[in-house]
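Next come two complexes, and both contain chain A; in the first it sits with chain B, in the second with chain C.
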Partner chain A sequence: MIWEVFRQEKSGDYHKHCGNVHAPDREMALLFAEVQHGRRKPTNSLWVTPQKEIGEVDTEDTAFGGTTDKSYRWAMTYNFEAAASEVEESESEQASAERERKAQIEGGS
Partner chain B sequence: MNVDEVKDRAGPREFSPKDDLPEEYRKAATRMLEFHANSEIMGAFLERPFIRKAPSIERKMAFSAKVQDEIGHGQMLYRAAESLGVKTREEMLDDLANGDGKFLNCFHYPMESYVETPMIAFFVDGAAMRRQATLKSTSWEPYAHAMDKVCFEEGFHVKHGEAILYELMTGSKKEQEMTQEAFDEWWPRIIQFFGPTNEKSTHHGFASEVGLKQMSNDDLRTAFLNAYIPKAEKYGLEIPEEPRISKNDDGTYEVVEEDLDWDEFFTIAKNDYEPGVGQINGRKAAQDAVEWVRESLDSHENRLYGSSQPQAAD
Partner chain C sequence: MAAVEELSEPDDLTADEREAVQHQLFRLADDEFVVAERYTEWQVKAPTLESDLAFSNIAQDELGHARLWYDLLQDWGAEESELIWERDPSEWRHSTLAELPFDEGDWADPVLRSYLYDVAEDIQLRALQDSSYPRIRDRVGKILGEEDYHREHAANWLERLCEEEESRARVQDALDRLFPHALTLFAPTDEAVEERIDELGIRSEPLVTMREEWLDEVIPFLESLGLSVDDAELPEQYDVHHSQLELPEHTGRDQSHTDAWFDLHDDFTHTYQELGRTSAERIMKDPDDE
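Take a look at the complex of A and B:
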């Protein structure tokens, strides 16, 4: 049986997918995950879940975020100096997400 | 863990659902999260009419995107609250519908006119975002994770609100006057967003000792006023004479508390004050109208897994 493994590097971080292992049960899956994925990279916590329990939807199935122009829902569209540092930070996160999305679309076509 | 250990360990994103936390912590975190989630939902319902009422297709689409975002924030926060094992999402939504669920003072007042929208979309959202930015380092990890996504999205809300304010304040004389009137009406409520000064806030002490709350109401209010008074003035809004606000030499602000109507603030918080009751009942009607959707989802889940019991203590 295949178990997907998620590693959290330090307390408070997100658990991110890092690979999978063969194991006959959850206890051994955790042990193998520890051996394979927790030894070298900084690790605070590991999750395992049976691979068949994972659901997936990807870019072949759907267009994430839609296919129409949705510039109205991004901070960059509204050309004003950010009122406060947290607004500025949010805008720069949105701008870099937008760049990544564009690169993805161009790369994929 | 007992309360003293929690206070010792308290730090950003320190506690997660796998920690054995004392009831006092779990209740305090639930109270904060439920209030926050309820406010997201009530804020969304407050702005919903402007998907229809907004004057251009761009504004309608932006309002629609914003309402989607806010409902999503509410859902994420209910999940973060449920993971404390104190209340289920159903209980929180039912309490919101029957008037037991608390939410922000500003969202008890409906908006009649489009000129009021920047009061919520720029000032109240700006105030909320100031507070939310500090909650990225709250001690309840699921809360902090929700704030990562909320703050990512919120920049659009505030700037969209600012764009409307700019448009109105560079519009006709009539538009400018109406916007100023709306500002005069909303400004005291906006100042009250951060609640009374610390002495009067009963829950602040514990919530900050266990790292749930990161900044005092007074510090948040000061940071908000520092950023948003200059913006209001830049667009030609006159700051109302009351409440009297003075700036200290150290950059903090003094708000004369007696100038604000705290009776109304605390009455409103009880949820039995018009027009707040209308807002609560309006959302209840929407919840009732889609009861059949919840029922069919539950029975579908039952067929598949044999149970649809809410998992409060996950």
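Take a look at the complex of A and C:
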């Protein structure tokens, strides 16, 4: 049985997927994950979950974000005064994500 | 227990004190080194990739612990190479449990062996936490921190191996074979020196007490898994509250060993001999500088 392993580097971080282990049950999966995924990199916590419990939807099933221009969703229309740095960051993140998404759709079609 | 006096720095010990400290250190260091040497035989041979990595990791831990203990033995001038690669095999003091060979593919053996060994190690380390010898005392905590994983690993495996009849029978076979040798973990190196170790407060529990503590922990656990310790070739006069348990012909502690040890020693010193080495490369900092 395969268990997917998620590692959290420090308290408060997200648990990020880092690989998997073969194990008969949860207890052994944690024991193996500790050595395999928590030994060499800074680790605060590990999660394991049975691979078959993970649901997936991918680009074969759907067009993520739709196929039409959705730039009206960006939070860019209120900039009559200087935006907070968090908003600036969020905007540029959304802009570059949108560019990548478009490139992906165009490249794929 | 009466408060014991703190022992001096290595150079200021009396000859008797030094001998007692050295016996205690060889018990610890040789056990860790030899058991790790055997464990590494499972590298790339354990039942799954995961169990291979977990067990190899445990072997690495034990080698690291051996390094800490051999380092303390170097306080009196010996080099690491003299303590490990050049010391005559008939001078080693590890328990015979550590040196016995594995049968090919007999995974029940290393699992059970590590269980018997790690429960004993935990008891022995805890008896050193208040050691009168500060250099030993200071290193115990670091080692204990890695031991929980070892015991959990071994106990989890044992529980699972004992769920089915066929694999439980294999564990029982290993138990019959290993149990008498496990008793040597608590055998004296030399009666008089062991008494001195206790009197000087180098450890806080005598061997006999630690062995009883060990028996009280391992026997109920093994029996709860459907294993029988009575069939484990226990000596006839077996009595947990008796100090004279019958041990196997060789105990290791008194420097008498099974033939398997001399083969193992030949194996791990082979490259050192073949290359005509006289010293060992040190790739890590001295533990005192860590």
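Criterion: the second predicted complex is superposed on the first by the 91 of 109 C-alpha atoms of A that agree within 3 Å, B and C clash if a C-alpha of one lies under 4 Å from a C-alpha of the other, contacts with A are read in each partner's own complex, and residues count from 1 in each chain.
Simple rule for what comes next: a contact is a pair of C-beta atoms (placed from the backbone, for glycine too) under 8 Å apart; a residue touches a chain by one contact, two chains touch by 3 or more.
Only a predicted model underlies this, so the values are computations on that prediction, with no experimental measurement involved.
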Give one word, clash or fit, describing how chain B and chain C relate on chain A after superposing.
fit
Applying the touch criterion given at the start, work out whether A:11 contacts chain B, chain C, both or neither, answering first, second, both or neither.
first
Please tell me which partner, chain B or chain C, touches more residues of chain A.
B
Contacts of A:94 with chain B and chain C, given as first, second, both or neither
first
After the two structures are overlaid on chain A, angle v-u-w for chain B, chain A, chain C in degrees (C-alpha centres, nearest 10)
120
Touch test for A:52: chain B only (first), chain C only (second), both, or neither?
neither
Using the superposition on chain A described above, determine whether A:41 touches chain B (first), chain C (second), both, or neither.
neither
Distance of closest approach, chain C and chain B, by C-alpha atoms in Å:
21
Name, in rising order, each residue of chain C that touches chain A in their complex.
48-51, 53-54, 57, 149, 152-153, 156, 160
Any idea which chain A residues touch chain B in the complex?
11-14, 70, 72-75, 77-78, 80, 82-91, 93-94, 97
If we count contacts the way the header does, which residues on chain A are in touch with chain C in the complex?
21-24, 27-28, 31-32, 34-36, 39
Report the residues of chain B in contact with chain A in the complex, numbered from low to high.
12-14, 16, 58, 61-62, 65-66, 122, 126, 129-130, 132-133, 141, 144-145, 151-156, 158-160, 162-163, 166, 223-224, 227-228, 231
